[in-house]
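Quick one: the structure is below, questions incoming.
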Amino acid sequence: SQTATVEPSPEIGTTPMAVKDPIKIGFLHIGETGGLAIETNRLVDYVGEVLGVEVVYGGALTSVDSVITNAENLIAAGVDGIIVCNFTEQSMVNIAKMCEENHVYFAQYFRTLTDKDVIAQLEGNKYYVGRTYESEYDVAYKLGMELVIAGSKNVALLSYNHGDTTAETRYKGYRDVFNENGVKIVAEEWDIAADGGAEVASNLLAAYPEIDGWALISSSYAPGVRVALENAGKGKMPIVGVDFYDSMEEDMRDGYLLAIGGGHQASAFYSFLMVYNAINGAYNSANFPMDVQDNILVLKNYEDYQNYKKWYVGDVLPYTAEEIKAMTITFNPTHTIADIQKAAKAISLEDVMTRHEGVVK
Amino acid sequence: MEEQVMVHLQDLHKTFGSTKAVDGVSLDIDKGEIRGLVGENGSGKSTLMCMVAGLLKPDSGSMTVEGQPYAPQHQAHANDKGVSMIVQEVNTLAGMTVAENIFVGHEQKFINHGLRDLKAMFVEAKEYLEEMQISGINVKSDIDAYTLEQRKLIELVRAAHIKPKLLIIDETTTVLSQKGRAELYKLIHKTKDSGNSVVFISHDLREVLDLCDSVTVMRDGQLVDTVSARGMSENDLKSLMVGRDLVGSYYREDYGMLTSSEVVLEVRNLNCPGKLNDVSFELYRGEILGFGGLSESGMHNLGKALFGVEYNTTGSVTLEGETINIHSIKEAIKSGIGYVPKDREHEALINNADILDNICITCMDQLQKGVYLSPIKKKNFAREQARRLNIKMNDVDQFVYTLSGGNKQKVTLTKWLARGANIFVLDSPTRGIDVMTKAMIYDLLTCMKNDGCSIIVISEELLELIGVSDRILILKNGNISGEFVRSKDLSEEDLVSCMI
Amino acid sequence: MNKLKKGMVLVGALVITYVVFKILQPSRFGSLSSMFILLQQCMISVIMAYGTYFLLEMGAFDMTLGANAILSAIVGCRLSVIFGLPGLLIGALITGACLGLVNGIMTSKIKAPSMIISVGLVIIYESLGLVVMGGGSTLRIDSQFRGLGMAPWSIVISLMIAAIIFFLDRYTCFGVHVNAIGSSEPIARSMGININKTKITAFLISGVCAALMGVVNLCYNTTISAATNLSSTTTVFQPLMACMIGLAFKKHMNPIVAILLGSFFLALLQNGLLTNGLESSMQNIFVGVALLVVIKVTSNPRRYDVIK
Amino acid sequence: MKKETLPKILKSSAILIGLIVLVVFFAIVTKGQSITLRNLKLILGQSIILMLVSTGVFFVMTLGCMDFSVGANLALSCYVMAKVSTVNIPLGIILTLVTGLIIGCWNGVIHAKLKLPSFLVTLSTMYILNGLVIQLTASEPVPVPFELFKLDEFAFKIPLLFVVLFIAYYLFRYTRFGSDCRMIGAGETAAIYSGIDVDKVKIQAFCIAGVLASLAGFMNGIRTGAASANAGSDMPFNVLIALVIGGLPSGGGAKSRFSAPVIGSILISVLSNGLVLINLAPMVQNLVKGIIFIVLIIIMAEKQMPKFLHKKTIGVLAEEKLSQ
């Protein structure tokens, strides 16, 4: 086991990096495709630019192993901090060890820890700054409720691969709300490819004529379901799902998409700020890990969508440069984690709209 | 004179890496002539003719056909110019129909307004087959369904159907039965009579002399001489080929010496549906037992059966008292049988592995001590074994495909000798091998015999059988149809009478 | 006789599968409408299967077909916004043809087996797909083109392809040459067959088929998203399997028909399992087993046959 | 006396040169960062899993066959280890290897005894195992007991790796098994006629591939701390690439060299590591990777269709051969 810190690059010699050397933060991004991933990367790039931080992207995340490999490579690349969206909690143990050995601060986004063994392992790790996570359970529950209100009795549930923490939590949310309200999940399909919605939905419709509502663990299947409905001549049928997708506009407008949850790209943003501040010595590591909870937006109609488009992902992102700087120790000596927590707790369509009144035109 | 010449070769050269395969050959082949081409293995016959047939490109030199400059790009191109060749190796396309094989490269012939006219193709193919009186072949069925000989005949049709001005036949007779040869000879004469020319390559000098008007002799890639076949004797040819006089024949000279009466191998009621029925015989210690017959008589299957590679055989094979499982190569080898198959390219040797591996492959259990197999030991072992038959090579790490057919055959024998096998089954041991190598293989057989090995020689060359074996059994569609004991006045005719 | 029997194996498998599932799920499985939906779906995937036909005949493999389909569809989709239907079709087909061409040239000029080269190319094509996607994650095709992906048209298109492939295979020199190369490249060369030309053509065809499949698929799903990390290769396996089934029965029935039956068989199997509430993970297991059974049934190798 | 021409020598060591060029390039671009002792150890550590798997597949490919099931095998073995280790760790490790052995044996037996093409057999195994693993790891990944995390150390992994490599090398070079593999790859018919028990050798080779894949599964377990469905999903192709750019003739045979799996795997790790170090945009990273693979393949690969992809393999099995 190897405990030397990162060798600074030769020509800077031994001058402490805090002085001139720009801070490097490693970003284990969840991909380049998918609305969420794209918006997340955009926001992280932006904050990096505002704070003059060099954002180092890890390689592609194909398997759990690749998460660790990329973390290793980032550390080797000499980053001062890492934000990671882990596939499995257990892999955090290895990453944590690595970061501690190399004095690299790290934080999770989109994720928290639930496995008590893992928590035990990471307790008292001076570099585990914290995590930003949203309640996947709640959002699924909320969306399920929308279906209940819309009067669905027999819903079909589509999901991507089993074993993914997010998918499973969302599943629980749906399952509970349906149980409590006497709605039956007549058919559930897992491991569906992003563009496999149409095929599966068609087959389900043929096999289960009684289906009258769709709960999607990933809303990327929504267009497919819509196609299946149209092809089968079933007319409109309520669809709810999590995670925004590019072409959701039409589906919202035409009233196929009853409600959709998502827009939580800020998650990585908060973790990024936490790590940035930690690197600049803002926090007392005794308080690590620090929790930040943010919200998943739920759009219930076309108007919501238009607002989201205008205020959230328009030319102005949810936070302006000033707002970002206000959340960093380097620009705001009085900064505490509470700033970030407050911002995260508060974030919502309304919040952004009020804050950016006048900024966005 | 000029209009007499069909093909003229001017100072052709071809080298493969270090080997000068063809070294400045100039040659005229007249119209309506059957020209024999002989020479030791590796003397350049195939290479030379491959260049004429467009299979190889000459490094330098020029050719003319009927006075027209001629530089074939590939076989089909040569065919268009009226030159076609039947090559030494099997040259058919597996997984395709007979008809497709006959016309491959000439498909456009059957394209009428954009469509490939299969019917026409089948009809025409059928015609050609009938024309040459080749029966039992369905032009629509897959070529894989036919035997080596039948496939050769199909190649024959492919070469003949274009009515070539020059027809080249390279060591083809060796795989043909008497009947097939008859067809071949007929074709050759027909070609001659229609005023076209034939080049005939063979190691069977007798055949060459009988068939050809004149004979060209090659040595080390160079042209030695072209002589008229009339009044030429085999020995004259041999000495031309080898470059010095050879005295006498190279067969065994001993007669009437009695072999031991100890039975080493006893075969009872060996059956193999459609190939062998109720074949029984015994092999004595130190005996050379010859098997003769037409190539379809089942003698080749007999060899396979004894070695355990023939399918669904029944019957019993008893080796020095104990019966062995006739379905297991392993057991055959364990009980000291060594088998030299007819198909040298696929079955006898691993062509793209080196000599070392090919020799040691049968001797692993001797070479490996516990779980350790010493490469050095392997190498030395292979070296000394290879020396026993003085194989012509740079070193044992030379790849086998770079060896001449003759040397390949030596390697095959070596690998069984190395294992100390004492019963040998040799299927066509001298096929396509030149006189010198032949002679040395016959001597080898005698030595092995004297060392107490028992040898079964399966061969289509009757003289060879008469020459080397103590006893000859003739097979005729699966049955033993005659037995002959070694004697001076045994003639081919005697054997043939039992074969057909 | 034997020939016929072997041919019937495939049909038999279809019937048996249907009957079994029908018994298991009388109400849910096998209604006419659902079978029709199934037919539509397999009509789409079969286009790619036909594309691989000549490649398999030559013993060549092309893992890029999936990536090709996606990239072509993306290009077509983008162009359709500007040029409408022509943009969609021509754009996609030209892209597919170009990619096919690249594969062909690569495999015929480079000293390396096609499968391995194509794996390398997949990575490139996938990232190109991302680039063309231009930031977005999913593209949606205008609803006016949806017809292409549905009943009359999708079927017409794939039948058209089937006809073309059949024609090429049976009535042109190209078909023979492909076969010859698959049987023995050196001999084919010595017979004056232009190896490179034939190979490149075959890859070109497969490329075009992949693109067409991409378009039809896009019109059926209405959306398309780029793939990453070789994920596109998974889309190749099913058509590949269908095509292998087709080739396996070549000696017993017309391969073009066999391929169609094969891909319908696979679709039927999965649909049956789905209606029995088995997850796609379970479906994998069955597909695996089915694959094994099919090869076993169609092959009867002998002792000492060499099979790699 | 071999007459090795210069181009020949260059070709035979091309991959090493390629590796060196790559390393030097990254070293320059990252100002030496990529060749710090730590990073080099990192790369070695990252290549272990791939190296184990491709070492196993190396034997199979030497035969001229292929094994596509190694990835799924890895995932399943990883699951077995995670599950059983919670009860008893040694037992867990043993059962993990047994799992791999069984899978390899299955592949081998089906391929050799039923005479079905390895490419399809292992493809079907892959499908089956994938389904199985997804079923088993459904609802959530299965954690590995923490005692085992201690093993995720160079002190343990590197010696283990070297032991495995040594044994494999020994098998390949100094036992008849190795030479039998090469001979079968070079000419199976002749090998049969020379009394090699081809079926046995094939089964053994597939077993080795299976066991090494499961060992890799074990490594994956202690590294990632849990068994999850997508573990090893990218294995089959990576192995293929690694072996080919490592210089293994894609048809196997007598020319197979043991250096292939080792150098190939390391090279792949160097590449992915270096691309992160020079902080390329993720999209570009893939592009560059693909291009470099192609280039290396162009340099390395032999013109020779892998036997496991040969026409006979993919379908036209049906017809009987009357001739012999």
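Each chain gets a letter, A, B, C and D, in the order it is written, and its residues are counted from 1.
The rule is simple: contacts are C-beta pairs under 8 Å (C-beta built on N, C-alpha and C of every residue); 3 or more make two chains touch, one makes a residue touch a chain.
Since the model is a prediction, treat every value here as computed from it, not as a measurement.
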item	value
Innermost chain, taking as reference the mean of every protein Cα atom displayed	D
Averaged-CA centre spacing for the pair chain C and chain A, given as whole angstrom	36
For chain B paired with chain C, centre-to-centre distance based on mean C-alpha positions, whole Å	45
Geometric centre distance via CA averages, chain D-chain C, whole Å	28
Multi-chain contact sites of chain A, meaning residues that touch two or more partners	32, 60, 62, 162, 190-191
Residues of chain C whose C-beta touches two or more other chains	130, 182-183, 228-229, 251, 279, 281, 302, 304
Contacts with two or more other chains, residues of chain B listed in rising order	95, 142, 309, 311
Chain contact topology (line, ring, star, complete or other)	other
In contact (per the touch rule at the top): chain pairs	A-C, A-D, B-C, B-D, C-D
Residue ranges of chain C in contact with chain D within the complex	6, 56-61, 63, 106, 110-113, 115-117, 119-124, 126-128, 130-131, 182-183, 228-230, 233, 237, 244, 246-252, 279, 281-289, 291-292, 295-296, 298-302, 304-308
Chain D to chain B touching residues, read off their complex	1-3, 173-176, 179-180, 182-183, 186-187, 189-197, 253-255, 311, 316, 319-324
In the complex, chain A residues that touch chain C	31-35, 37-38, 60, 62, 162, 187, 189-195, 197-200, 202-204, 206-208, 220, 223-224, 226-227, 231-232, 245-247, 250
In the complex with chain A, residue positions of chain C that touch it	25, 28-29, 31, 33-34, 37-38, 41, 130, 133, 135-140, 146, 150, 217, 220-229, 234, 271, 274-275, 277, 279-281
Contact footprint of chain A on chain D as seen in their complex	30-34, 36-39, 41-42, 45-46, 49, 134, 137-141, 143-144, 146, 149, 152-155, 220, 223-226, 228-234, 272-273, 275-277, 279-283, 285-286
